[in-house]
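You will see two complexes here that share subunit A, one where it goes with subunit B and one where it goes with subunit C.
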Partner chain A sequence: MLLALAIAALVLVPVVVTFSSFARVEGDILAHLIEFALPELVGNTLWLILGVGLGVSVLGVSLAWLTAMCEFPGRRLFDWALLLPLALPAYVTAFVAIGLLDFTGPLQTWLREGWGITGLPEIRSRGGVILVMSLALYPYVYLIAKNAFATQGAIALEAAQSLGLSRTQGFFRVALPMARPWIAAGLMLALMETLADFGTMAIFNYDTFTTAIYKAWYSLFSLAAAAQLASILILFVLVAVVFEQRSRAQMRYSAVGRSAAQRRIRLSPTLAALAFLYAGVVLAIAFLIPLTQLALWTREVIADDLDTRYWAFAWHSVLLAGIGALMVVTVALLLAYAGRKRPGPAMMWTQRLATLGYAFPGAVLAVGLFIPVAALDNWLIDTGRAWFGFDGTEILKGTLAVMLLAYLVRFLAVGFGPIDSGLHRITRNVDEAARNLGTGAAGLLTRIHLPMLRASLLTAATFAFVDIMKEMPITLMTRPFGWDTLAVRVFEMTSEGEWERAALPSLAIVIAGIIPIILLTWHGTRSHN
Partner chain B sequence: MKRTQTKLLASLALTAWILPALAQDIVVYSARNEQLIKPLFDAYTRDTGVQVKFITDKEGPLMARLKAEGKNTPADVLLTVDAGNLWQASEEGLLRPIRSKTLETNVPAHLRDPGNEWFGLSVRARTMVYNTQKVKPTDLSTYEDLAHPKWKGRLCLRTSKKVYNQSLVAMMIHEYGEDKTEAMVRGWVDNLATSPFPDDTKAMEAVAAGQCDMTLVNTYYFGRLMEKNPNLPLAIFWPNQNLKTKSAGVHVNISGAGVTRHAKNPAGAQKLIEWLSSDKAQNLFADVNLEYPVNPKVAPDRNVAAWGSFRQNLVNVKEAGSLQIKAVKLMDRASYK
Partner chain C sequence: MAELVLDSVSQSYGNRQIIADLSFTLPEGAIGCLLGPSGCGKTTALRCISGFEPIQHGEIRIDGETVSRSSWMLPAEKRRVGMVFQDYALFPHLTVAGNVGFGLRGKSIAEKQARIDELLKLVGLSAHAGQYPHQLSGGQQQRVALARALAPRPSLILMDEPFSNLDVELRERLSIEVRDILKREATTALIVTHDQHEAFSLADWVGVMHQGRIQQWDTPYNLYHEPANRFVADFVGQGALVTGEVINDHQVEIELGVLSGHIPVECDASGCDECVRSCHVDVLLRPDDIVHDDDSLLLAEVENKAFRGAEFLYTLKLPSGQRALSLVPSHHNHAIGERIGIKLAVDHVVAFRRE
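And now, the complex of A and B:
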């Protein structure tokens, strides 16, 4: 419990810094934004949440059901391949989609010049943003929901069928409700990322609450107004998350009698072909086509841009993502565990506050963290100067410790979601039985819970690893001299609009991001056998 | 006794940090990206033996960082693109004035801070690019003219969120006042063929594909696109060259630098900036990104010179900063996205 509070306190630092901006209200800037921007961007943001929420739910749940419960050609491949879009930053998918589908893209050019066909729906539109974000973010729902379906046991579904429900009814009335915390956890991650996204929105020139935050900061030169808007965004997320949690507080989701091997549903040839086609099209649009485009661009620039430094960039990325993911998983496990041992409203608020970092627009969180670190550093340096004649300018800032702590604050949510929902599956009877057999608290964790949570832990680690690899604002702001990563390379290229040259580091991020996904699959198959 | 020991141990531990600080390195915070500055800093090190360490990030975060670090910042130089950002850094008290005959000679007066806190190092011209199959150069004249209804459905623009467009409109406000400028921006918006683009290159590709007839871009984007794809039906036009129009000259902006207020090595920082403005460095600085040298004695890259010479607008670029907030608000009112 104390530990949980300590973690929450750490996350509260940037929250407090951000909220403290209200000490100086820049009335005219806020008034201007409210009058000329707010109505539209609130509408835009709500549409976006609604659309992406629906998109990732439908894609994620349906694909998870198909790969976890059914048998169709290519299932084993799709099972892990459908995760791959996670390794692709959403803004890359967006840039490729616009490049291919806009007026100047090959498709429209071919239709226009070859066939005289015009008037295709505009990709740079609300529908386009929703489509791209859904394709980029559905893996969050997919992976967590797949774990849910795989662990919920066949007995409940069999019971439903013996009570006369059809298979479809069984899915909607038994399997789906039983998977709700998982789906909700994945959905929350996808929506928090959508809300905080800046890169993709900038490419679509789609104004959301977050783009207004950056406008206040970069264009209207008011970090204070930006922080005030960010506070409102964070509050909104907090309320939404707590509301969702409350609405299912009284339910239990433990598996009923885990059957050893679940029988997969054998699809009829037509359905199996449709399943293959569906999964294939999603994979192609969300991953294969953008990847091919990246590879083609990379080929153009690789001779000039690839040098030996890339080993260092890749090594920094993998090292930071690896250590960061380990930290995220460990702390998320402790936090989720604290909630299991001492449930209650206080604990729930603690958990929710501790995972708020993911809802911040990245650069706002980076500054929110940097300001207190720099203040502490100034105090340390002044003290050091008075006592020891210290003559430097950096003690804490510019160290990897600060950078890793910042990642923890940002990405605790992506670790907490899968682990917390995974814990729901373990009944308290298991704990009691183990205790009756003389297992202590430590034994309960290491010998009973951890093995049962393995899939959730791996999911959490994958999310954290891949997200840290892609992270930009915190990396830029807190990296020590000489610690450039692949994501920093992407920034260097895209900041002057050189998207094709950014393909090389982007591709490297994808390749490095695939490593944990393959590990995850390998572990998954091993535990099945 | 115990306290002395602690002190001793702590001092030993701190030595690790003290040592690098003693060398006369120069530390640069840069919003100009790595591939554009590293060749220069490498050349400077070869010339002088002085090491230059740098960190890149966006302007906003860099300035927030400088501010938070206060007097304990490791940064000696702030290097950014766009005069608006430099003006803002100066407003926030992040820079210090320097007196330098070299910089006063090498950098024209309208491209540096009247208070001597920042200096332009390369010039970026924001001009017109048109489709050569659809527009005759004689149809083109001024930025203001693009608001005329004859351009209805023929104009493509980059988003107003990009500082380049904010600076352009800010300079217009300086010359015409808010009302007239707002009417002009509304005219631009009315003439748009499609919603604004996220970058200059996309806007030019739309012009080349015939989605619209012309757009406003920074010249180096044009250079980069044509280098890759020389057959595109695109050409540059220099607007506002007639000295009788009120706003005379092509809108220019800079990338530039200043010495930070709390620089640890201000003399070294000043030397570096002076060197960057010198004949020796100017071509390297500008040519690597197809920009124009700020130093009038230095000729631009051959490919850049081929676009023709033009008359610059001579209003001090600091107005891009001082009027930026007004410009952004104005563009919001005019529904320029």
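And now, the complex of A and C:
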């Protein structure tokens, strides 16, 4: 219990730290913030939430309904392929979109020179950001809504039809409202990612809190301003968290069993063609075209860029993701075990708190964890100087400590989910059976739990590994000198507008990102059988 | 292979008494059974014996050695008590042979293999040694669980609702099989169930439990024919109570005639302490105590009937309006409302004081 509380406390540190930054106000910076930056930041953020929320809901729900409930050519393929955009970090989709659609990009050039068409809407706009984010994040809604429809859609429709409603009425009046908690949960996850996103916003030059925090950190060198901005962002995030948790509670109450014989709706040839076209276009612009473009760009630059420096970036990415994943899995395992040892409402709340870090934007965590570590560092240095004649300027600051700690907080939930559910599958009777057969605590762990948890541990590690590899703001803001990763390289190249040279590191990240999607769909089909 | 003794064992969660003053002795090599409705404390009793629950009062002894007493218990893994769980709790990552061999330690590989082979043969699963639990049927999993528990030659085997996850036909067959296996291994075993058919077909000794107490610890035959109290009479088997008047301490008169038995009649507390003439009691009539006889002058009206295949279970309305049950061979098919001839065929008089 104490251990679980300690882990939960780690999550609270950034919150407390960022909010306490208001205690020491740097007058002119704060005044500047309030007068010029804040109104724009809040406005931009609200537009983003509105637009992306609408975008992911429409895309996610409609595609989920088509693949879960209807029959049309290619449905089996789309069923899992529509998850693939998850492998593309939004910032990759973003720079590919700009590279393709910008005034100097191939599409506009071709239209202009070949057909004399000009005046296409500017991609670097609010609409462009919303479009890119929606395409990158709709799988969150799609995945969870698909599960909801697959488990209760057929029953809902049949019940509605038996009461005299048409299919369309049945969808809007029964199936959709029934799936609302699921859709809302997926939507909130997508919005949390939107609020947390840094890379896309930086590429589009669209000012939101994450980019403002970064600027305060690097351009103004004002920790306090960064922390104050972070605390406002946390407020937005907490609203999303509350909605998400409420939806999850409703999911538990309204969960129904799998519908027995799932009969899909046979679409008429015209509708089937339209469905195919729709799903195909979404898949193409959200995944296939960006991936192809990445590959093409990579081919252009690979001869020059695939050098020792590139391998150093890749090595740093793999090393950090590896250490981070190991930490996440270890702590998640401890937390899950604590829950098994002392179950109860107090433990449940502690676990929930401890895994809340997924909601906090990386930029917030970077600030919220750097400040206390720096303070600790100063204290250590002062003490060291007074007692041992130590003369350095940093002990922890120059190390990976802050970065790894931030990874841990942000991605603990990713590892905790599979491990906890894996541990729940080992019933108490299994433990007792082993003890009856003369096995002590150590034997229980090595002979029963670890072998039974192997798949869950592997899943947890993979998810955490890939998420850390994709992660941008924490790495960017807290990496020690000389620790550039693939994601950092992508940021540097895109901030100079060199899309082609950002392609090579992006491609490596995307390829790594496909692994968990394969795991996800494999697991999905396995649990169906 | 050891005697199991429970000596006034009590256990409670907070204020709630789960088992109270539980005492019984299960002789070496015998199969015992705790029978009772859900929530009667039988599973808790089992967990106390296996060493997963502490006890507050009393003592549990296995083979003469105390394993639990108030505020002390020998850890489960040191008790040499095997357990078969309701959900079997097989280890999904190990094969059938791996599961059975799990508890065998401090033995050479050859010895282990020999014991695994022996047990798989005993439970008839030699051909499945290399399979994983999820590839087996429910009945096969059940037998793997039994073999796994038997493998280390425990002094005692405990089984918690061993057949509740199986369908009805399989239950009957398996319970005979399990009895056979346990007897061949000469293991002392205690089984918990809410199903009296299971208890009767498996056990040498049955304890009927209610509200944390053992109501009667006896052979199945005696439980049915000589229930110690109303609860046991009601829980075990079917029957009806009719009013009777005491003639002397071994005879009672009911409206169908005079019954004689060898157990003392339990008398009314109000007005007559001793069983003397004209005390009123409730007499238990089992469905097999009333026999259909077309020639009999005693008539009763068929109020309800349930077809059981080989026989009908008739609910009869006696002349006084009291109800009784009768088991009648199924070629005597009478309509509801018909009056049929009956006669008494009672071996054991069971009478309870009136409440």
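We adopt the following convention: the second predicted complex is superposed on the first by the 309 of 529 C-alpha atoms of A that agree within 3 Å, B and C clash if a C-alpha of one lies under 4 Å from a C-alpha of the other, contacts with A are read in each partner's own complex, and residues count from 1 in each chain.
Criterion: a contact is a pair of C-beta atoms (placed from the backbone, for glycine too) under 8 Å apart; a residue touches a chain by one contact, two chains touch by 3 or more.
All values reported here derive from a predicted model rather than from experimental measurement.
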| item | value |
| --- | --- |
| Subunit B versus subunit C as contact partner of A:Leu38, first or second or both or neither | neither |
| Subunit B or subunit C, by number of subunit A residues touched | B |
| First, second, both or neither for A:Val242, with subunit B first and subunit C second | neither |
| Which superposed partner A:Pro451 touches (first subunit B, second subunit C, both, neither) | second |
| Contacts of A:Asn378 with subunit B and subunit C, given as first, second, both or neither | first |
| Residues of subunit A that lie at the interface with subunit B and also at the interface with subunit C | none |
| Interfacial residue positions of subunit A with respect to subunit B in the complex | 29, 32, 36-37, 98, 102-104, 109, 122, 124, 202-205, 207, 211, 214-215, 217-221, 223, 363, 366-367, 370-371, 374-375, 377-378, 381, 384, 387-388, 390-395, 397-398, 473, 476-477, 479, 481, 484, 488, 491-493, 495-498 |
| Subunit C residues touching subunit A - in the complex, by the definition given at the top | 50, 52, 75-83, 85-87, 89-93, 102-103, 105, 148-149, 151-152, 154 |
| Touch list for subunit B against partner subunit A, complex | 7, 10-11, 14, 17-18, 20-22, 31, 33-36, 53, 55-61, 64-65, 68-74, 88, 91, 159, 161, 163, 166, 194-202, 205-206, 208-209, 211, 221, 224, 264, 289, 324-325, 328-329, 332-333, 337 |
| Residues of subunit A that touch subunit C when the two form their complex | 427, 429-430, 432-440, 447-448, 451-452, 454 |
